[in-house]
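Heads up, the next two complexes both have subunit A, just with different partners, subunit B and then subunit C.
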Partner chain A sequence: MTPRRICDRAFLAACLAGQFFSMTLLLGILAIVVAKGIGVIDWTFLTSPPAGGGRSGGIGPAILGTLLLVVTTGILAAPLALGLALVRTEYFQPGRVRSFFELVLYTINGVPSILFGLFGYEVIVNRMGLGKSWLAGGLVLAVMILPTIAVSIHEQIEALPPSYRDQARALGLNRAKVIWSVVLPQTLPGILTGTLLGLGRASGETAPIMMTAAVFTGVHVPTGIRDNPVLALPYHLFVLAQDSHDPASISNAWGTALVLLGMAFLLTLASLPFRVGWRREEEAR
Partner chain B sequence: MGTSRSPDETRAGYGPFGLSRDPRLRHLSTTAIAAWLLSLVACGFIVALLGFFLVESEPFLRSRGVELIGSPYWSYRHDRLGGLSMILGTLIVSMIGISIAGPIGILGGIGLSELTRPALRPWLKIMVELLAGVPSVVYGLLGILVLSEFVDFTGLGSRDSLLTAGLLLGIMVIPTVFTLTDDACHAVAQSYRDVARALGLTRTESILFGVLPSCRRGIAAALLLALGRALGETIAVFLVVGRSDNQWPGTGEWLEIIGRSGQTLTSKLGSTEVFIAYSDPQHWGAVVSLGLILLLTTALLTALGKVLMGTGGKM
Partner chain C sequence: MTGPVESVAFRIQGLKISYGGATVLHGLDLDIPRNQVTVILGPSGSGKTTLLRTLNRLDEDRQGFKRHGCVLFDGEDLFDPDQDVNRLRERIGLVFQKPIMFPASIESNVLFGVRHLGTSPRSEWPEIVHRMLSRVALFDEVKDRLGDSALHLSQGQQQRLSIARALAIDPEVLLLDEPTASLDPRSAGIIGDLIQGLTPEKTVILVTHRVSQAEGLGQFLALVERGRLVESGPASQVLDNPADPVTRRFLSPGGGGA
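This part shows the complex of A and B:
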């Protein structure tokens, strides 16, 4: 082989190695968490409240709390993101203002989640007087995943064939009617994709909720809004992980990690069918 | 890639708030009002977030800003509020992180875009997305129980150290670099590769001289966004960094401190000290100012990355 060919092979091998490493990483993480966590999980673990500082007992209330946070976040974030995306595509003239608007949205997506936690702690928990509450956590998470959903909707609207809109206009529909009868129905997959992806991220976040919504023990189901914190899987895991010298804590931590990972993956994977359908339609055009 | 407009609307143009300049089209429907209200609420939250950090940190920065960014000593009990050692910690861990994730992610992304069969690509994309979706607290747990043992085994540093945190970050931001590099390379027209190959270039040469020059902005953006991620990662770093304050290198100690435990901006902001700080205006001002530094740095990196990527880039 000539040196040139050796260089060629070496570079290609390096690329494949990088790819292989990344994929192995996912499989490795999955394998470790499943192997260590599966033995812990049974019906009692999934339903009973934690006891003895998390060393015994289960994660029932934490699962409920995380579900409550995820649902609250989705209900709050989806309409706000839809409003943002509609204003951006339907009511904004393409130009400087709109580009700036997009830049701000992207920048918000890069803001570290702990800063959302600090903001929520001061403004929502203390200033607005909501106290540590599931609603405060839902609000903070909703603001955090706004860009993810808004951009997903935006992309879907942009991908709409111009002829759809033209035909609707030709039929004499005004702008509001075009939105309701063409844009929204065609954008539904984008809303679902973005929301599920965002929620997949939100469900695993610890930093924003540990200051606004989550406690470690003492709550089963919240009975009101103000000062009604919840248990949450990521925070539960976070506390257990700090107790790493205790084998009982750690074995429960692996169980919690498996449930949390499963939940985050399910939300991410649930967004796939909508995207696949949308891609297929795009290709068919 | 502009949204299509019907011709009469395009000619009429839009005035402020997207209202049409043509009087026949100028009506505010309930839909428009609802969309505007919803996005105003959303923007209100965003403005409040930025405003909060600016307003709350302003008095402290005005009086003691120099101490915050000039002194490495932080001890709130003695009213010493210098953030330099945390800033150094953040720089060290994110630099280690990006120097690991950068090469692996870029090579992997090129591999995915250039060397993988098209039928396989969507599946690998899904896997990368799942990898990106692993909650950071799970990475933290793996960091404590697997990675810190490894670092201890190699003898390069203590279990909980800046090195462990950096290595963990390196693993965590691989998906960001990977998928954005793939997007950037994949956007390059096929003809570039075909021409390069037809000229007798090897596959490597066609990638290096045909594809990469057209997408180096996209790859630079991938690195910037990944760096932003690394700077802001809290939970995983918190769990493995050791969280010891005032780790400032003496002369000739610059390499040694990497193997020792330290503190980063985020591990400080994520600690329970925040709740203690809340009752003391000076202490709270210092904490929020650290947050502001983090906010400005990550915002700058993300915005720069977005500008480099141009319009139409994914997140």
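This part shows the complex of A and C:
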């Protein structure tokens, strides 16, 4: 066997080992969460409020609260992220301003999520006067996942063949019409995919909402905007995990984890048709 | 060397184009006649496509693009800051070498410009689709599948559809960048017939490196080499009695003009 062939084989083996390791890890986590949590889940657990400090009762209000936070985050973050991506791809020429803009975006993406919580507590909860509320939590989560969605949308827009824009411009369409008629329709699946993946991340975040939106008990459905906190699955799980020595608490924690995992999985699954459709169109081009 | 032109559509004066320091056109002077087929002939890399894209003002946003000199279109400065560049592009249509189909139906592709520029009321759209596809000899081939994706058409059909889309907004000038370069002889023949049928209604500027195409279609001809105009004039005159030795060499068998 030639040295070149040995290198080739060794590289392939390293790739396969990496793939095997990551898949095993993922399947291992899934298997443990499902095995430990499935026994807890029933209709009562999914619909009733927590009781006895989370040791009994269910997670109904926490599911509702998480959904409310995710929907609010999506409504706030998606248009902003789209705007950011369009400004970056369609209006900024490559240069210092664009580079600085990208640096800011990537830096925000790397900020620890607890800092977003602190920022939200100081600015949104206190200074803006929203108090601890679902809207404050949605705003903080939206700011946090903004770069994730914007970068994802940006990549989709950059992947659009330049010839499409050239063709539209050559026909006399102005920049806004090129965006409306070519860029948005062609990148819509990517925009939706990026948004759903970003929301998947937001749905599992604890730190940003613990100071801005989430409480552990005493709330069912918010009735207003200001000072209207919610129960949320990640925060519920966080509190239960602190009592991990208690079998009842840890059992409910596994059940909560499985529901949270299912929610993130559904968001990823929802993006699948768009991604498949996108790939088919890419192949047809 | 430039022959006199009676009615001028474009007057190009000292046009110099460069991208990031690399000069592509070196001070080109050329009058392009109105309502004729002008063939810009020259070897690959001679600046023909750059000239065509400049007439549509398509490249000026590209990084490193620099222009010197002047182009008059209908007597008006094409690059005047007060010119509405989008309106200019509506008047000066451009068809690319490789057909560009939007991932949409055949009908939507024909109507792309019409719909987004609002050049015709919606009630006229079916008639426009019929007329434009017939004009490019495509209607009979696709009349039963107008709602199907244009991406599934053959390369030759896509190129004809590109021309139909450009014609649908009724430009005064049609710029064609080697539209038959990658097509089979039958498709190339259909597009050749189509180009001839566009005059005298429209001014057509066709870029090609094939002398045979210039012989078959050109009424006026300009030979460009290394970003410079070598010779121009009525096609028959330039092809039959070239005045410049460079033109004679290019037109000779094996001289570069396939």
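Convention: the second predicted complex is superposed on the first by the 254 of 285 C-alpha atoms of A that agree within 3 Å, B and C clash if a C-alpha of one lies under 4 Å from a C-alpha of the other, contacts with A are read in each partner's own complex, and residues count from 1 in each chain.
The rule is short, and it goes like this: a residue touches a chain if its C-beta (ideal position, glycine included) is under 8 Å from a C-beta of that chain, and two chains touch if they have at least 3 such contacts.
All values derive from a computational prediction rather than experimental measurement.
Contact comparison for subunit A: of subunit B and subunit C, B touches the greater number of residues.
Contact with neither subunit B nor subunit C is seen for A:Gly194 once the two complexes are overlaid on the shared chain. Legend: residue contacts after superposition of the two complexes on their common chain; A:Leu171 is shown touching subunit C, with no touch to subunit B. Applying the stated contact rule after C-alpha superposition, one finds that A:Gly138 touches neither subunit B nor subunit C. With both structures placed on the common chain, the touch criterion links A:Ser181 to subunit C but leaves subunit B unconnected.
With both structures placed on the common chain, the touch criterion links A:Pro94 to subunit B and to subunit C.
Shared interface residues of subunit A, touching subunit B in one complex and subunit C in the other, are 93-94, 166, 169-170, 174, 180. Across the interface of their complex, subunit B is touched by residues 4-5, 7-8, 11-12, 14-19, 21-23, 25-26, 29, 32-33, 79-84, 86-94, 99, 102-104, 106-119, 121-123, 126, 143, 146-148, 150-151, 155, 157-158, 162, 165-166, 169-170, 174-176, 179-180, 200-201, 203-207, 210-211, 234, 237-238, 241-242, 244, 250, 253-254, 257, 260-261, 264-265, 268-269, 272 of subunit A.
The part of subunit B that touches subunit A in the complex is made up of residues 1-4, 6, 13-14, 17-18, 25, 27, 29-32, 34-39, 41-43, 45-46, 48-49, 52-53, 56, 103-112, 114-116, 124, 126-131, 133-138, 140-142, 144-146, 171, 174-175, 178, 202-205, 207-208, 225, 228-229, 231-235, 239, 266, 269-270, 274, 278, 287-288, 291, 294-295, 298-299, 301-303, 305-307, 311, 314-315. Within the complex formed with subunit C, the residues of subunit A that make contact are 93-94, 161, 163-164, 166-174, 177, 180-182, 186, 281, 284-285. Across the complex, subunit A is touched by residues 56, 58, 61, 63, 86-91, 93-94, 96, 98, 100, 102-103, 112-113, 115-117, 149, 151-152, 165-166, 169 of subunit C.
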